[in-house]
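The same subunit A turns up in both complexes below, where it pairs with subunit B and then with subunit C.
Moving on to the complex of A and B:
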């Protein structure tokens, strides 16, 4: 395959699907190829990894966190709203999927989709929170997550949600299919972020994050675009929750409403760099990898490490790891500060 | 009878909740920083009370006094270190939120290393054993002691804010950092002092919280921060006297639901926080509150 074109030279039209594909790739340019790679490579790597590495649960958790980190990316990276209570959507998805398996007897894959829907519905319910800004939004979303947990796990609702006694989906358990679903979901989230980065919608979101008033003046319907990003982010977490519930099949409300899940997703996204395509995935793979090496036996040391990491990132590298590589690349290209 | 008990308990807890929130609110009012590590400092205060009682065989209330100097120094030093860097940032509010979130994780991890994962408590009898009988109801004595000490610390805080030169400067910075700087107030020094005072208030709330919050464990910080935030949102952000009202409303609301719908009482702080934030974002006393 020829490398991506470096200019606007018109490509003579050739017949056949291969020619058309090549033409489309050229039209997309180098960025297009790396965008396709951003979807295909992670999917291929995770599909292969499960055959090469025996700890499937670790890979599954990594996938789930990568999706959640991308969800944080969508809402925080593109709109500047940081939801500490993001886990609420994950839990809503887990419960949405589980309860639809238990009560509606739907196939598990459909249940995962319904889990995503549950996440989006909760997102719609919490849309008024977007009226708050900055820290207020972050804390209000945290309170909302705790409130949802209090409701779902409430003993008074045990006949509906099974309250604190948890969920058992052993009949729907399917190890390989649920893993593949998680991989597909990662691909979907990568695709979503790629589209967001290239589309008018993403541009409008970033304009809104920079300066909502100016964006509104320039014709961006700020409230609608922001709410849409919020719903997409909530649905991603809901889908992740649904896949997670299906894959582990026995869980308690404390497992899927654990604030640590929000914390991890945010840390992974910030570590890799929000607003980028690869950052959240790299953050999730690297940090969750480290966590599963050292963190499982001594979680407090891992917590200490990432606490220090966050503080250091905020103080010295506010753009995440991504800004480091961008800086280096700029250096090599002779960008400002580099040698000519 | 049940009702009277719940109301009195609500007031006692309310005074305590005011103390729990006021440090967070003071820091917010002066520095425009949401200190997400507030609850973790409260947690450390509780461990100080625990150590005072078990390791040093003191009345746990001494921990309030023991905590004064370390809290002032640690809080002031921390803010002196990170403050200038935050002030230079493009979006100081978001940055400080994430930074203090990181600091909260660090404190939680260190506390787990130091004290282990178990729930610890100090017996209520260390504050005097016999229950107090008032208006025909019996109340645990520690509730009254805690409310009394909380009221004392709050009174000391208001004396500091309204009668001392540093306190007056603090209130000036609360209303306008720029104008304060213009009339010659050292805003940076006031900020450092305020963070120290806020840290002490959190730690003293922790010493008392080991009784009213049912013990202490290293992971309780987040939920305490949310509770404190609910209290100060009720009273108005940046409005220190309003926090007392916020605490009382919060205490009454939790005690009344505890009495009449106990399974749902856990929901109260969060729902109150959300409702007030969305309906009256400037607090119940919105006229005197600052625009946040």
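Moving on to the complex of A and C:
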């Protein structure tokens, strides 16, 4: 009989998977949990909502606007560039995805990715606009969007883009899968903003928005970082356009290059608070919700309601709803400004 | 929250920055029809402190802006450690070891003091800060969590200096850091800048306050209307008729 070992014995773990998860959550800290929640909660809510609420188109539009508002958040909230022509990337994505399906016969999911690529390519083409600033940039981006619309809807290009006659994707139509793709895209955009806010890249962008010359003297390659944010923002809009095209399957150039889309996305982002993770999503849900409740049935009241809301926002909460929570958090922590 | 302390002498860093000699030859900068710098020569041996003085509009800040890459030179050369760096973008100069402060401080107002430094540390490409206690050294201890935009003017100047130091520069261009500071603060600042030079950082100090400059160095260059009119000791500059003329008027 061999002698009993006197060496150290392995201690059986008293913590199961739940304990390990709790340990990991503690390690993540409150900020980490909030970040995970910012991705998981909206995805779960929208996945559940489609089973509880019958108007799937409304939910889809809300999702698309939430993604667009996050795209505005990336470029405006982190760099200070306000692109009034943001819809150009959305339209480019819608057409990029649709033409990929029509001519390349790619699966719709891949077509959505190609839509994102189309948005990014248009973004790359318009990168020189970043040499402008303030109102000049806003107006130039608006003009660029109009130019893209004119090209796409030109009857002489009907053999390629179908011109003003629109796109028909009924063969690729898949209501539930396109909705799930839109939810996944929202999760991706939330994750992107979470990473941006936590990353060195995001910090550099915020520094650049505050003072580009100082950022350069801190070693930030301002042109590169700003261009990257611009491309990410354009790709997000392109992806949103791709999902939208797939989900509605029949549309005209006026539907996806409508400047109202830019205005809504900007207003939603500003209402919720740019530079924050939740703000643009909250803005899209609240304001698109109001639009759906009031705007479709009684447009005159909708405009009045929107006007009052925006006036109240500018007067009392110029930083959006997000600044309200920051202020409260700062108040309870006793630290001026608090964390975003 | 503890009150900000005054500047305190910097300890010699663990590893001194690489020697930073700066040679400027025939530097020209034109703004359309106006020549702001007209063939300026200036030499900063590694580890030296040189004062740059001159009346308003003489081109001091323009020179700092051109050397730090904010403006491209219209002519002439700028060599850092023998390497031509004239016309390089500011972020590339930072990576080569050149940095500056601003006459009007430009903090990242929406970021905290600590985040201001984190941007510099993360992007300078010059490794971890050789001065781990920069905030304490410049008198911003305990203010790391404050938003930079909420700091007062003096604190923002200190942050500007701290952010430049966080990139581990070998050459630092200091643009009127003393303006607006109280007498005792000026003394602390002069002492602190001298310890930076002792630690191996080459300093070009633009300053109107000659009393402050006197505490720092005896070597000055005087500019007038974009041209160098004097280079030598501060005492000699004060006695030079041309220097007296441009400061006091004809």
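In the analysis below, the second predicted complex is superposed on the first by the 295 of 340 C-alpha atoms of A that agree within 3 Å, B and C clash if a C-alpha of one lies under 4 Å from a C-alpha of the other, contacts with A are read in each partner's own complex, and residues count from 1 in each chain.
In this section, a contact is a pair of C-beta atoms (placed from the backbone, for glycine too) under 8 Å apart; a residue touches a chain by one contact, two chains touch by 3 or more.
Being a predicted model, the structure only gives us computed values, none of them experimental.
In the superposition on chain A, contact of A:54 is made with neither subunit B nor subunit C. When the two complexes are overlaid on their common chain A, residue A:301 makes contact with subunit B while staying clear of subunit C. Of the two partner chains placed by the overlay, neither subunit B nor subunit C lies in contact with A:176. Ranked by how many residues of subunit A each touches, subunit B and subunit C are led by B. In the superposition on chain A, A:210 contacts subunit C only, with no contact to subunit B.
Shared-chain residue A:138: touches subunit B; no touch with subunit C. When both complexes are overlaid on chain A, the residue A:311 reaches subunit B alone and has no touch with subunit C. Contact residues of subunit A toward subunit C in the complex are 200, 203-204, 206-207, 209-211, 213-222, 275, 335-337. Of all residues in subunit B, only 34, 82, 85, 89-91, 93-95, 97-99, 101-110, 112-113, 218, 222-223, 226, 229-230, 263-264, 266-267, 269-271, 273-274, 277-278, 281, 292 touch subunit A in the complex they form.
Subunit A makes touch with subunit B in their complex at residues 80, 82, 84, 128-129, 131-132, 134-136, 138-140, 142-144, 146-147, 150-151, 154-156, 259, 263, 266, 270, 299-301, 303-304, 306-311, 313-315, 318. Within the complex formed with subunit A, the subunit C residues making contact are 68-70, 89-91, 94-95, 99-100, 102, 106-112, 115-116, 118-120, 122-126, 145-147, 150, 163-164, 166-167.
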